[in-house]
Amino acid sequence: MDFRSDNTCPPAPEVLARLQNSLAVGESAYAEDEISAATKARLSRIFEREVDYFPVFTGTAANALAIAQLSGSFGEVVCSESSHIFADECGAVEFHSQARLRPISGNMGKLVPESLPPLTDSGDVHRGRPTVLSLSQSTETGLAYRPEEIVSLTQKARAAGVRVHMDGTRFANALAFTGATPAELSWQAGVDVLCLGATKGGAIGAEAVIFFSPEDAKEFRRMMKRSGHLGARMWFLSAQISAWLEDDFWLRSARHGNMMAALLDRLLRAKGIQPLYPVEANMIFVEMSAGQSVRLSEMGFLHYLAVQPDGRIAVRVVTSQATLETEVEALADAIGRCLATSAGRLA
Amino acid sequence: MDFRSDNTCPPAPEVLARLQNSLAVGESAYAEDEISAATKARLSRIFEREVDYFPVFTGTAANALAIAQLSGSFGEVVCSESSHIFADECGAVEFHSQARLRPISGNMGKLVPESLPPLTDSGDVHRGRPTVLSLSQSTETGLAYRPEEIVSLTQKARAAGVRVHMDGTRFANALAFTGATPAELSWQAGVDVLCLGATKGGAIGAEAVIFFSPEDAKEFRRMMKRSGHLGARMWFLSAQISAWLEDDFWLRSARHGNMMAALLDRLLRAKGIQPLYPVEANMIFVEMSAGQSVRLSEMGFLHYLAVQPDGRIAVRVVTSQATLETEVEALADAIGRCLATSAGRLA
Amino acid sequence: MDFRSDNTCPPAPEVLARLQNSLAVGESAYAEDEISAATKARLSRIFEREVDYFPVFTGTAANALAIAQLSGSFGEVVCSESSHIFADECGAVEFHSQARLRPISGNMGKLVPESLPPLTDSGDVHRGRPTVLSLSQSTETGLAYRPEEIVSLTQKARAAGVRVHMDGTRFANALAFTGATPAELSWQAGVDVLCLGATKGGAIGAEAVIFFSPEDAKEFRRMMKRSGHLGARMWFLSAQISAWLEDDFWLRSARHGNMMAALLDRLLRAKGIQPLYPVEANMIFVEMSAGQSVRLSEMGFLHYLAVQPDGRIAVRVVTSQATLETEVEALADAIGRCLATSAGRLA
Amino acid sequence: MDFRSDNTCPPAPEVLARLQNSLAVGESAYAEDEISAATKARLSRIFEREVDYFPVFTGTAANALAIAQLSGSFGEVVCSESSHIFADECGAVEFHSQARLRPISGNMGKLVPESLPPLTDSGDVHRGRPTVLSLSQSTETGLAYRPEEIVSLTQKARAAGVRVHMDGTRFANALAFTGATPAELSWQAGVDVLCLGATKGGAIGAEAVIFFSPEDAKEFRRMMKRSGHLGARMWFLSAQISAWLEDDFWLRSARHGNMMAALLDRLLRAKGIQPLYPVEANMIFVEMSAGQSVRLSEMGFLHYLAVQPDGRIAVRVVTSQATLETEVEALADAIGRCLATSAGRLA
């Protein structure tokens, strides 16, 4: 059973089924096709505002290009130290934007207004100028920002002329958890660009970069082209995104993932095991030694082991649209048994 | 009828049919999956040599990353002025590699040994140092390099320590035209890295970057990651490439495209119309005024009009695995009628 | 005798003498010193307009940073194929700005309105968007733009939203030749940023980047810092620039260099030798075989031999503030004797 | 009295006097001159080994280019969080090398073997690969590494194939403090490239990039050119470096600076004031409130106030070759008086 990530499961059959129609017809290349136009219109309806929209194949590309667009060739991007752009993208933002990341620690991977550095330009030429504030929704620790939490952060950014990027690789999980509308969790809360991930929610591989002010996106297609992210059959990415959004599948998919995580949380707590962070979206961290983690893998439960920002070592398990209740029960049971052993820490 | 490019037709049903199996199972992310491993093994058999292989979503990414890997952060890339990397990729090679392109004119878009600049380092610090020779196979003018032609170019490169990249977005069409083996048209002729395009031959969107010396590729996955080209479900790209290669579909698909172009060539010549370049692969250029081109579009035949390197204005029509004989006949007829009119050149 | 360039002679004693005073006192670092402030004020008086000013150590840095500032991280820089930024800076503009150069051929190294490509954005994502027009004043072929010639070029640029950069490494020579005022040859003619070179006119090594609209320069000091061009004792560069400008030394120095070139022109023509281009600033090109050029060097006259854009091979000789009349006479005599020999062309 | 830095005092008269000779003769441009060749020979003697040498105008350029050369276009640079490259260069290393910095905290700004992260390639594509270890000698906290301390760090680096850069902006101060030879503190201890700063020791503005393995430097002049750091009269930088090295002036200058700092240390301790770090080179940090710092400035003692890595606020005072004993006594007295006041912390 695979709990490594919500991208190691197969794509959702519901999404695949809806893709069939698009595959039989020719379309203009380079995202100038009708499927992309329809996807843009659909997103505008969902977000209750005219948006600009671009499909890309990977979340890393979505984040790096969106931030490069907002930052210009110069700047400092304020983000959490546990954010994907800082911890897991091998310098992609820096590569695409020439900006520098400024990681903020603490608060279990969530930014809070008090943790932000001064955002106004210090004028000190030895240092950079903050240009972008980047939020992960939900966070890499499995937490969801409430609308008012986002507002409290973006107000400080906007007052200083700093733009706001949201890494929404698991935005749907945050919607499902908070019950807020897509608009409330994004532009109404001060977000300028949202990278909405469909891959982890059931698409094969497709992410939507959504600009809430179309003038922000004016060089974006050229930036995509120049970096090799504007392919011929972009309509296939749009088709996936549309299929994933259709009939609220994206929300149902996210709700299921969250529900499986919540179930795991309950089962673990029933065994006296406390996850490291509150379980809000679709992932759970459990403190565990390296030896216990190896044991858990040997029992057939794939997962990642990682050092947490606070130094604790924990396994991360992620649930998805494809996770079954019986799998979660088996996992809870296995974790319980692993933690009961005294397996020592491996090197 | 759409003759704009071999990427505006729908993907080949043969490829789509073979994809179904892969879609139902989970796989490791980031190209560490079994489908990618099997595709690498298949390519090694086809190219009669152990290769290193990486799937990417766009041809631009394939070219830019492959050249960046060979060039290092510094250098000059010698290519034809009609090459895609110089004329159609918005600076992607420069962006990824920090190298500079040095376009060579003449010879209908084909490089010949006499057209190459000195490739050895002049030592002049005001100029760059040639690091990569890039060949397009087949060329953007529809010509195919024979093995001995490639050898005559790569010998000069290798003597100067310059590495050789082949943009093989239509490599299969060159195979079909020359009758040479994949090995004869690539590493046996001195090519270091081949970007083998499956997109235009029937896949949805997938290109294979093939290094013939695995040590050349040592940072490649990180370069993919840093530039946002290493996605979660890379196996879906590998699955497309494998499906396209299976049962020689790639060669049959290319042969069909070439045959349709050859048919068009014959039909036009029968009407006294001489295409601009010898028709070897799957595209034909016909000199035409802007007005006549508009007329051709209005008659329902989509195509591109472009200024040729020598200044002549011509329409380009591209055939593909999806082109029907009746479509070609209709197109030949329409071109004949357009050219018979005296429609003037538009601004 | 050294005619290789106007930067191989020693700095002008007049400049060195005026530097002594500044060397004995401490100053704030990073161009926040009083000498730099005074130089800025002096330049504002000379150019009859409040300017923003930054000293740098090399002409390549001046050009690359100024263009990077105007272009942003994306764009196409239109320039002559004989411009220093295209032919002699090893990709510096591309490195600093990520823009791409678009070289224009013809007109003996001078741009004319008819030679400009369309400057408005084509919208074609495969190509770049022109962002900067770059003029060399005087040109690398020794010609000077008249004010109305500059206006005819900048009007097209401004109409398309394209900014104008002037590489003024020999701006003073153009002033001396045209008799125009500094303002007439720069902002009044539509120039946005001027890189005014003092090095070739008598300073040790100092160039002034002059923005005519201070808001254009807002990230410039940080760009200098990030690229390593903001040193501690920037006041020493400003001191050189001020010393060079004082008492119109810069104009007298340029007039002398031009006069020496004009003298050489007359002496050569008297011998029936026609220089390749009209002699306006301080350099002369004479067609010559490689063998004759070697002979000229052996006779003690250092110079460069270069292939001209039109394919002819010519020696370039440059005069400067340090050139003596007797040296010019000796050179004219030597050229005459070299050309009289039938020394064959070397490889 | 100016204690802000050792670059705000005037250049040393001893250096200026020795410069005069070089200023009267012409020289080849672009660092191919005889003065640079002689400086290289002199450095080879001083370092007891054939070295490759390049002069640059700023310390930021020296560091960024040297690291870019060693790192290639990809990598992670391990350094102290208080290093100049991380804290004070506005992203210059990242700009020139596309590498990412990995700052290490603790140990009062000094790296120790136990503080180093794993240097061998983890193979994890989401993270970078360490390519360069950067040491500041002396550190930005005023400490000097002993030869054996350097060895203990570089051994770990070399074992992992990681190259070693030394920011030697105050290398001479470390020589003076440790009594070691230049060779012992550099290549004999495992350093691959040393950026030897002359600016802060008495030159106007000149830094020597010294490669101990000449093959490491093979693209360096082109990297200098491309980034605008290869100017015409590079010989003027070499002349400064040679003048500074002559007759051991560089060591005498550093010894004087260190001695002035040691005197200040003694005088402060006599007043019961403990500097934050051991005083080894030429700077001292004293904990002080913002209000007290303002007071100190008002009393005529220029200095910088900075938050230390551990969060304490302190004034930094730097002594130099130009500092007088009476100035130090006056400063000690003034600091004593400021600390005696209860001036509150300013915002």
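Chains: A, B, C and D, in written order; residue numbering restarts at 1 for each.
Going forward, contacts are C-beta pairs under 8 Å (C-beta built on N, C-alpha and C of every residue); 3 or more make two chains touch, one makes a residue touch a chain.
Everything quoted here is computed from the prediction, not taken from an experiment.
Participant: Looking only at C-beta pairs that count as contacts, which pair of chains has more of them, A-B or A-C?
Facilitator: If we tally the contacting C-beta pairs, A-B comes out ahead.
Participant: In terms of CA centroid distance, which chain is the most far removed from chain B?
Facilitator: If we average the C-alpha coordinates per chain, D ends up farthest from chain B.
Participant: Return the distance between the CA-based centres of chain A and chain C, expressed in whole Å.
Facilitator: Each chain reduced to its C-alpha mean, chain A and chain C end up 51 Å apart.
Participant: Can you compute the centre-to-centre distance for chain B and chain C, using the mean CA position of each chain? Integer Å is fine.
Facilitator: A distance of 42 Å separates the two centres.
Participant: Centre to centre, by mean C-alpha position, how many angstrom separate chain A and chain B?
Facilitator: 34
Participant: Any chance you could list the residues of chain A touching two or more other chains?
Facilitator: Counting only residues that touch two or more other chains, chain A contributes 89-91, 95, 98, 125-126, 128, 222, 225-226, 230.
Participant: Name, in rising order, each residue of chain D that touches chain B in their complex.
Facilitator: Residues of chain D touching chain B: 30, 68, 72-74, 98, 125-126, 128-129, 219, 221-226, 230.
Participant: Which positions of chain C touch chain B when the two form their complex?
Facilitator: Those residues of chain C that touch chain B are 87-91, 94-95, 98, 100, 125-128.
Participant: Which of the residues in chain B come into contact with chain A in the complex?
Facilitator: Within the complex, chain B contacts chain A at residues 2, 4-5, 7-11, 13, 16, 23-29, 56-65, 89-92, 95-96, 199-200, 204-205, 222, 225-233, 236, 322.
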